[in-house]
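What follows is a pair of complexes built around subunit A, which joins subunit B in one and subunit C in the other.
Take a look at the complex of A and B:
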């Protein structure tokens, strides 16, 4: 197990290097560069050449990448060309917002999916099952941003503006700068709609999957055995059936990370949240190379680490799975 | 679906039709199966099951209606989707403007009708494009194995290692989004690129198991050339999962297109696009809540249609996946 873990941790390095390198090359292959936007009215050919030299943009791409890597190893993520702030500092300020959003939306997804799938599987082909599967079908077909708009209409515009339509209040203890609002209640108000908008689609997807694997599992012999032993229905379903049915669900949850990152970009844009999603999309559109690299680095890292966590979860769900 | 063929494949008489002629051997009537002798093909069985599925029927009707709307958008739309009328901005839904007008006084109904073209065109063609590239790659990788397999699949893994939206967004920034047909082609390309590995992986997986079957070995023993084996004997047997993934993939592609448009990276205005319209109208949601609703509902119904149809198709073609 320890060797396996070490091997997997080492594999993170080439993947993260690969992703950041491809992003590096892709961003620099876009015609034009951030210097034009940076200089604005002061743009002259002379100034541009000077600015490019200052930021090291006149060097070959490979050299620029190696310089970026070299600084990275020393803990320097570079400086945003447009805002002039250190990228790492901005990432740290924005990370808690996105992490909270993603964790809560996954919690929403599981809180809806597990009971819905169990009911659907245990009462297969009854009205309860049909309701669960139909609602799940609607859920997978609705894009996050449209659900977000519907929530905005219901809770920010209807119901007397119960929930704020934009902005952010930090969870106490997560704010990295001196000037930010932090309160538990304010945070709950701000995170509720985005987490629902992002979570419901995942909930629908997981419900469909989990229902299908539950249906398969409850027909297996060990579930019959558990019942024959005289166990009551509750432990049979929760301990014997659910745990095994969760394996494919966990795989899909891991695969969904890519979509969650995209969903976070969309939801953060819609609700004007100061998270990593808006940080990334703003940087990509403005071609703020250093900031894009920071975003690519943190997403690539999250992507690989979450996939590792998924693989480790299997050993908990099914002790027969052992990694050596 | 390969299960139906397996028992026959073990029988010495089961070398299937076309391969014999291809190998230039004298056709022996007692060796080859005549078409009439075959039991119903798995695909035909699937189609029969499909006709009985209510889910697939509802999906097919939605998709059919959408196709008609997209094809005849010019006839169906009461007004031009791009002509603005400054005297009628933010009209509420009325007889003249069934879905109201937007901030430029454009008729929302006409915009929603014309928007179907972009969604369907991008959704369908990006998946087809991804198929045309991904399926051959997957077949070659799976069939030949070895170094070819490693090279192709590592390239696919590199694309898959990206969070899909990150790659699609960067590709769109590189392509520089524009309006009209060129803009649509760019979006199609970006979405196709991120989806190629999905098909390559899927097909490779199927090919890996199919190539070990005895009927493929029989073809090889008869000297049938590889391209013919791949086209006539391998491809038909991995069709079911491809068809299902394609239909469901269209639904995903439509969502990705709408998301890119929503982020301002899809087909640019004045070309009507649902994602863009939704985004543009969210700014006015406080005073005019209805206008952002309609493009959203349009996206939702379209995706639902393809999902329902794809679900029905999956149940029909591959009952094991149910």
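Take a look at the complex of A and C:
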């Protein structure tokens, strides 16, 4: 297990570096120039040449990448070309917001998917199953931004401002800025709609997947044996069937983190949240190369680490699985 | 019965009291001190170096954190900011400013003549890379005569010196020499504590990009009793639907720039909202490229005619007679803009209506195209570039495409993001026509840096030095009547040549909650929250 873990941890390094290199090259290959965004109406050829030199943008791409990498190993993630702000500092301010959003979206997805899938599997081809399957189908079909707007109209405008439409209140103890609102209740109010907007689509997908797995598992011999032993239905389903049926679902959950990061860009923009999603999209739009690199680095790292955790979860769900 | 009368009497008495309270305008209008103004921006602040950062979002912060010499009122009068008084020599070559005695920077240092000299010298220094530099071209030298007297000596008369100091971009923002030398450019850009030091009514507390910018009242501000507000918090809400929801919910007090296409929805959703607008001072353009680099190298001095639009007849057929400006305004702006041909929009000083020079006339457009050789056998096709910054650009581009089809011309729309558009336009990239609204113009003179032959923002890359002559004559003419005549002649010339093809004015809106009092609307030029107070 230890050897396996070490091997996987070491694999993270080339994977993340590979992603950052691809992003580095791609960003410089698309049209647009960060210097144009930086200078705005102060743009002149002379100013542009000077700015490119100051930010090292006149060097060959590979040299630029090596310089970036050299600084990275020293803990320097670079400085935003546009704002002059240290990228690492901004990432750290925004990371808790996006992590919370992703975590809660997944929680929303599971809270909907697990009961819906169990009901659907146990009462296959009944109205309950059809309802769960239909709702899942609708959920998969609604994009995050559309559901977000519907939630906004319903809870921020329609119900007399029941929930705040935008902004963020931090969880106590997670705020890193001088002026900061932090409270558990405020945080709950602010995260509810974004988490629902992001989570419902995932819930629908997981429901369909888990229902199919459950249908397979409840027909296996060990489940019949458990019932024959006289166990009541609840432990049979929750302890024996669900645990095994969750394995493919957990795999997909890990992969869904990538979609959640992508969805966070849309949801954070819609709800004006100060998270990594808006950080990334602002950087891409402004061609702020350093900031894009920071975004790519942290999201790639988060993705591979979460998938490693997912792989390790298999041993908990099915003790027969052993890593060597 | 007696108790009924007593109840009636009590009700009447209460009614009289309530009525009296409601009918006490003087009491209700007395500004209240305190509170936080929650402002919403539609775009992110680029950075906080006020002398170099682009974008109105930064400028509106600069106008409240910084102070200058003079400000301009909505009716075009100049009022002193840090300057108590000023004099212009009879030959128009020497401006003498007397500073107020009690003006302090936020770090406690005095605002004196040396600070003014330092700031102007810094703006004029090519190494600073300020977009304002071009406007100081007429300045010969700046001298600190004594701690409270500063003189600006010009090389030649410049009729718009005060306009420029007050309202071109941020106007002059006086920098603290001590703080500027102590901190680096990156410190200032990121708003590091202590690095952004102004002399305005609010001091910068914190800027967290993507989250908020906070400014608190500067207790030693030179205007007694001002500002009324304790704090201003700026948040960025990019989505207009969310912005309107936040406004309706009371989460936002002031929307600094509101998109015209959502004004009707805002009125329906929040009937008590104060929707502020004024003269249209921003031009909406359908610019046509006139020259291209002969050697294929962008920005090359060696120019060749643009294959389509270098021919004045094609420019006129497409940009003048082929575009129905009224229809564009009706569709894209829901009628809330003015169709306009002139080089400066309808709200800019010395503007002239030259719409009669470009009437919508499909037959004339077709005839001109036929004269050049375009027709069914050789149809004209060009690329129409537009960007994603504002939806109105894309609507206009779509209407133009439809109007072009009516005269047998194919306009292929190329939708790009803002930075790609800026790169193509500023760096002499390949494009034929673009739709954009560029900058707000206080005077015709302020358009010079966008359209003289040598200007880097001369996107169409025309080479007609007559344009430069017009700008120079206009800026140097001190007699307002003669200046007006030059402006008229220039606008007629411009409508004839179409180096700068306007479609309409571009309206600007701000929205405030009913409890926001004391704000004086002056478009994008002057955004000051020092006299704002909250009636709640």
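Throughout what follows, the second predicted complex is superposed on the first by the 323 of 324 C-alpha atoms of A that agree within 3 Å, B and C clash if a C-alpha of one lies under 4 Å from a C-alpha of the other, contacts with A are read in each partner's own complex, and residues count from 1 in each chain.
One rule holds for everything that comes next: a contact is a pair of C-beta atoms (placed from the backbone, for glycine too) under 8 Å apart; a residue touches a chain by one contact, two chains touch by 3 or more.
Given the structure is predicted, the values throughout are model-derived calculations rather than measurements.
In the superposed model, A:259 lies in contact with subunit B only, and not with subunit C. In the superposition on chain A, A:209 makes contact with neither subunit B nor subunit C. Applying the stated contact rule after C-alpha superposition, one finds that A:236 touches neither subunit B nor subunit C.
Once chain A of one complex is fitted onto chain A of the other, the partner contacts of A:149 extend to both subunit B and subunit C.
Legend: residue contacts after superposition of the two complexes on their common chain; A:270 is shown touching both subunit B and subunit C.
Once chain A of one complex is fitted onto chain A of the other, the partner contacts of A:38 are limited to subunit C, with no touch recorded for subunit B. In the overlay built on the shared chain, the residue A:79 is in contact with subunit C alone; subunit B does not reach it.
Of the two partner chains placed by the overlay, neither subunit B nor subunit C lies in contact with A:91. Applying the stated contact rule after C-alpha superposition, one finds that A:26 touches subunit B and leaves subunit C untouched. Overlap of the subunit B and subunit C interfaces on subunit A: residues 31, 149, 152-153, 157, 269-270, 285, 287. The touching residues of subunit B, counted against subunit A in their complex, run 158, 161-166, 168-171, 173-174, 176, 251, 255, 258-259, 262-265, 275, 278-279, 282, 285-286, 289, 292-293, 296-297, 299-300, 303-304, 307-308, 311, 322. Of all residues in subunit C, those touching subunit A in their complex are 44-47, 49, 52-55, 126, 129-133, 169, 185-190, 205-206, 208-212, 214, 233, 235-239, 241-243, 245-246, 248-251, 269, 299, 416-420, 422-424, 426-427, 439, 449, 456-457. Listed in rising order, the residues of subunit A touching subunit C in the complex are 31-34, 36-48, 50-51, 79-80, 82-86, 90, 93-94, 149, 152-153, 156-157, 161, 164-168, 177-179, 269-272, 274, 278-279, 282, 285-287. For subunit A in complex with subunit B, the touching residues are 15, 18-19, 22-23, 26-27, 29-31, 137-138, 140-146, 149-150, 152-153, 157, 212, 257-259, 261-263, 265-266, 269-270, 280-281, 284-285, 287, 296, 299-300, 303.
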